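Right, one structure below, let's go through it.
Per-chain residue numbering starts at 1, and chain names A, B, C, D, E and F are given in the order in which the chains are listed.
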Amino acid sequence: MLIKLINPNTTSAMTELMGDTARTVAAAGSDIVLATSRSGAASIEGHYDEALSILGVIDEIARGKPADAYIIGCFGDPGLLAAREITASPVLGVAESAMHAATFVATSFSIITTLERTRIISERLVRSYGMQNHCRSVRATDVPVLELERSSSTADAAILAECEKALIEDRAQAIVLGCAGMSNLVERLQHRLGVPVIDGVAAAVKFAEGIVGMGLRTSKVGDLAYPLPKAYAGKLAEYAPASLKLRNNDEPSALATAIGS
Amino acid sequence: MLIKLINPNTTSAMTELMGDTARTVAAAGSDIVLATSRSGAASIEGHYDEALSILGVIDEIARGKPADAYIIGCFGDPGLLAAREITASPVLGVAESAMHAATFVATSFSIITTLERTRIISERLVRSYGMQNHCRSVRATDVPVLELERSSSTADAAILAECEKALIEDRAQAIVLGCAGMSNLVERLQHRLGVPVIDGVAAAVKFAEGIVGMGLRTSKVGDLAYPLPKAYAGKLAEYAPASLKLRNNDEPSALATAIGS
Amino acid sequence: MLIKLINPNTTSAMTELMGDTARTVAAAGSDIVLATSRSGAASIEGHYDEALSILGVIDEIARGKPADAYIIGCFGDPGLLAAREITASPVLGVAESAMHAATFVATSFSIITTLERTRIISERLVRSYGMQNHCRSVRATDVPVLELERSSSTADAAILAECEKALIEDRAQAIVLGCAGMSNLVERLQHRLGVPVIDGVAAAVKFAEGIVGMGLRTSKVGDLAYPLPKAYAGKLAEYAPASLKLRNNDEPSALATAIGS
Amino acid sequence: MLIKLINPNTTSAMTELMGDTARTVAAAGSDIVLATSRSGAASIEGHYDEALSILGVIDEIARGKPADAYIIGCFGDPGLLAAREITASPVLGVAESAMHAATFVATSFSIITTLERTRIISERLVRSYGMQNHCRSVRATDVPVLELERSSSTADAAILAECEKALIEDRAQAIVLGCAGMSNLVERLQHRLGVPVIDGVAAAVKFAEGIVGMGLRTSKVGDLAYPLPKAYAGKLAEYAPASLKLRNNDEPSALATAIGS
Amino acid sequence: MLIKLINPNTTSAMTELMGDTARTVAAAGSDIVLATSRSGAASIEGHYDEALSILGVIDEIARGKPADAYIIGCFGDPGLLAAREITASPVLGVAESAMHAATFVATSFSIITTLERTRIISERLVRSYGMQNHCRSVRATDVPVLELERSSSTADAAILAECEKALIEDRAQAIVLGCAGMSNLVERLQHRLGVPVIDGVAAAVKFAEGIVGMGLRTSKVGDLAYPLPKAYAGKLAEYAPASLKLRNNDEPSALATAIGS
Amino acid sequence: MLIKLINPNTTSAMTELMGDTARTVAAAGSDIVLATSRSGAASIEGHYDEALSILGVIDEIARGKPADAYIIGCFGDPGLLAAREITASPVLGVAESAMHAATFVATSFSIITTLERTRIISERLVRSYGMQNHCRSVRATDVPVLELERSSSTADAAILAECEKALIEDRAQAIVLGCAGMSNLVERLQHRLGVPVIDGVAAAVKFAEGIVGMGLRTSKVGDLAYPLPKAYAGKLAEYAPASLKLRNNDEPSALATAIGS
């Protein structure tokens, strides 16, 4: 099973960090292919960075050897629904994966994120994924994304301190790490805190294996059907659906054809 | 990895049916052990049947060889939180597993269930799991649970018809099968409907593998901590926590001990 | 009017305490019959204790002289819907009764409960009963249930202190006592706090009288209809619906029969 | 116990109709005093009628012999919170009472109301009272309020027909009558439909008895505290709080005084 | 364009204060006409004051030269829906206007209000207007409404202090002023705080201009249709819809007539 | 006042159509500047088209003469929050503007959109903007976006038919047009339907004038602060915040600086 793990920011060191986590948890038959976005921001710390990261995610899905599943390795799950349109292979976000995983082992969790300004992105995802009753709070650490990769002891201490507050002040029963760049902290934090610490990269790998293993593919009836053929202009002309050479190996049923998209 | 799949009703033919599904999707290293409840109803079709099925679920978790994960194989997820209290190994319900799986491959789904009277049980789970914006409707087929196991063509036709209505009238993009006893219908339905059809047994097996593979165990801080030691009386005397010989191999952290339960 | 007040835990001293409260508020024509569960936990402080308390509740409803109404005397309202299935006489929980009562005399309330680990049980009931906009918070006192019955001054002080915090920090306008074992504290707390203090046992008695006085009985159309006849196995064989000798004195209307359950 | 039942519209025939219902269900020691509003609309069928009915409700609470409880006999519960400010005696609305009562005997209900234009008033109350998960729908019959009082067979047939649709199409398990003027239909409808039919007048009487019987009075800490003393001008000068001679027999606690309003 | 700004309290100095704000922001062609309620409370600080302020609002809309739009100048938006029934000209509340405006320039806001007891009125409006995910908190300052008009430095300091807490403790990104009497503080606060400070009077004037400029008028199909003709009694006899001489210059479409109200 | 109206799709005929609407409603002093996206899809009919339209929106805001306000002229409001980050001038979406406008003149509305597959985009916006209680339904017409511009009579008839269904079946009291390309239909539809018909382009123009007229600018504290300076790579290198020459004419307050972003 080929799982392509896409880092939507352009910092390859962070891709490697995520890759280490992914390979650690991957099943025997899972082949993890790493991809670092070729365009956009070095780190994603706001709506603007996130919006501009989608192009790189699309590029990695539309080009190269098709994968059995794709993982978007940024806690904002940028471009998740757009990505699901252009392939029938399952696409998983690390934020959704982490939150779903948390509900299996705890009745509540808190999310520990990086900068204050990214907090609202997580809060919106919490609502979008129906996690309002499970998520006690989103806590910012004021640690910039790229400092995580440097693994400074100051960053680590700030994250640990915020996790402890989450357990004591929010009465959270688990911690969700709110940045793919924190995935190397799981073991240490879990040991110190004594509660489940959930990293979205690991969760996405395991859930991708699970979804593929169940034989599930993205629904092509409704809003996730392949994009309609149409002209694309200017510097995005090459993104016209026809240019993407979308591969649809699934024979649609008569009913699905009738309902269409 | 040992995964114990517990059928909360007492009909072993249904356990076998679920077991077939489970083994079909299980990973190479996963060992699926089947258990049929030894007490309670032959089928679970209401709050009463469900409430009385919890004892059998507890029995199967508290006795025998400890498993790495447990699956409660009834779409009402009976006793899920109680079960999570008495073991640190992950416990997954098939309803929660199916709904979470559906959100990875579709923006909306409908649940096809058995009798009209069980519909409200599913509706309550939908809210409990935060799936209100994903679940378009719960549809009853008036097929009794045990008729599923007989796999009558009438039952199959009724289920197919209701699935079609879900796609057309609800504009659902995926189908969640609302009874563990329907797990053998996945392939046929998926072929006919052309959309993802999600069975909770398969989903729970794959997610159990995933949760265990991530190294996650149920949080023992808060409401899912082991039951407090206390006297149990009468015919349930043997269920006193001390009698359960709860195995806690996890060394609690100093913080977790301080927070306690 | 015969009202059977069932204590789902096995501690008869607590039943007596509730009985005192019940008899104090009961109307002239109301006959309060007390019952202590004959099986299960000495106190209910978690999902596990609660799940195993349902059997005792069922026993008390299914056996003995039929009552005009039943009260489940534990703030988790264990087995409420299952109990409603097996009788047409109204069944009231003390948690639901307390919360509904509070909305008649205040625009907001806080719930004061016992152990931290039971807090989430109350939080789930708040959502289940639609009280999210009325309930400001659920506050734990870390007083174990059975210490309430001992009426230690330490427990009383802890409860009073938490009530005061609820008024000042949450701006609650009323207090809901989150354990049936606190029902003897109402008067003292109300005097000290100067706001309505609502005990679920008293509320359930008065609302039971009200519901019966209106001539209302549990709906037998839909999910609260009598359990379907079916085999029950093992140590629960005697709980098969047929064995319960469910008494349905209500002649169903033609329409209700047509809709069925 | 003196319970004052206030009809917020000026049609005394409707007051009598409600009075009949109230007296039928009232307990032995309950004295029901009827009052018909002396100002405002002959029937309340919209936001405007409702807003102007509040003055009459205030008049009936602020003048005359003080009652132990007040009931606002219109399904819009007009002026409920304002009324609660000017007395410590409990004030109950018939809409809130009916909906709360319904939740004790059914997991879902539909409301049958009069004109289409009043439907949204009920829908807003449903949300305000947290009944979104219990109320399946609000159904209008296009029967004007005053036609109810005439008890025409056409009106009765229209109401019955809509109730039947609620059971079949909404799968409601109980009916809430959405107009105080329908309270004489309970018995007939219940017989025909075979499900609980809940009238708010009866529910409010029984719940008022219950709340008073529990010794509860409206919280005077927070927004329901007595109105602040201040000047009132023009034709409402006589409504200045000082003119109302508000009776506060309750000695406030030191804490309540400190928190104030 | 004639915009009538109605102060629902009877304090004309506050009307003037609002008028200053309104005229400052009004477009060239907008004519702001001020009206002070002729009946009711000198300030609105609770449900009772608010309920009795509606009559004065109705008076100002139903009498005098018809306006192109009406503004209800009190943060509780008293009588908003009733007012919309009696005219097809748009009627805007200052609370709704302020909250809608805030969502255009910030992802979250906090409301700074006057007395603690009015806080719950704002909280209810927040829910009614669907602003739960935008509004971080409602904060009371304990400044009485009429002290605002005196513009004491103590009041100003209290308001500023609470705004600062909103930014720091709630992480609000904008401030909504929760009393029409605060509209003269906008500039000073905005300068001090460095975030958008939104006053409902200014917002309502600009949105009224906008709604009128779009050619929109209140929907007369459904619950906002003109009140049904009927008798009004007692001191409110003159409020009978027929006496209001409601002006409906809009020719209803055939469809609208068919749907009716 | 300079208002830049950006069409996120690349079809200039549609820009002209929107421009006509915008100029019709614009105030005397408002200067409407039109811009057609230079990259991306000819029409936006799905998540993919929408995600790729953001780049063009950014381009139009970041380049050229700065405007006092920007309007994103597509009912999906693509890139709204990203756009708000890169300018302090207000940015308004047509979907949010239309929905907010509708709430001022009706208690409920339905949205009439184009293709079935875009329906879910509107449904998500409804939740994101807190309009769940105002929006009765989103209705697809199966009219492709570009057919609107051709103004075929078939498209018009399909839209009218769906509007009529919304009034009758949903009991909507106003219509929100779910595509900027429908803005030329307002007058005809309003005449035929007899209820408010709201077009987002007109609403956005008037609300932009209003927000600017109130002196409000986007909050630069929190998630809408200017993007953090950082490297951007590949074909998006020129989008690095430093390259955007973001103009911040607002002097931040000391407090705002302290809170930062």
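Assorted remarks:
Just so we're on the same page, contacts are C-beta pairs under 8 Å (C-beta built on N, C-alpha and C of every residue); 3 or more make two chains touch, one makes a residue touch a chain.
What you are looking at is a predicted structure, and each value in this text was computed from that prediction instead of being measured.
Relative to chain B, the most remote chain by averaged C-alpha coordinates is E.
Overlaying chain C on chain E by C-alpha atoms takes a rotation of 120 degrees, rounded in steps of 5. Comparing each option in A-E, C-D or D-E with B-C by residue number, the pair that reproduces over half of the contacts is D-E. Centroids built from CA atoms put chain D at 51 Å from chain A. Centroids of chain A and chain F (each the mean of its C-alpha atoms) stand 28 Å apart. Residue positions of chain F touching 2 or more other chains: 81, 107-108, 116, 119-120, 127, 133, 171, 222-224. Chain contacts in this assembly follow no simple pattern; the graph is neither a line, a ring, a star nor complete. Every pair of chains meeting the contact definition is listed here: A-B, A-C, A-E, A-F, B-C, B-D, B-F, C-D, C-E, D-E, D-F, E-F. Every residue of chain C that touches chain E in the complex is listed here, in rising order: 107-108, 133, 171.
Against chain B, in their complex, chain C makes its touches with residues 10, 37-43, 45-52, 54-56, 58, 79, 81-82, 84-86, 115-121, 124, 127-128, 144, 222-225, 227-228, 230-237, 239-241, 260-261. On the chain E side of its complex with chain F, the touching residues are 25, 27-29, 81, 84, 90, 92, 96, 100-101, 103-108, 129-134, 164, 167-168, 171, 173-174, 190-196, 198-199, 202-203, 206-207, 209-211, 213-224, 252-257, 259.
By the touch criterion given at the top, residues 116, 119-120, 127 of chain C touch chain A in their complex.
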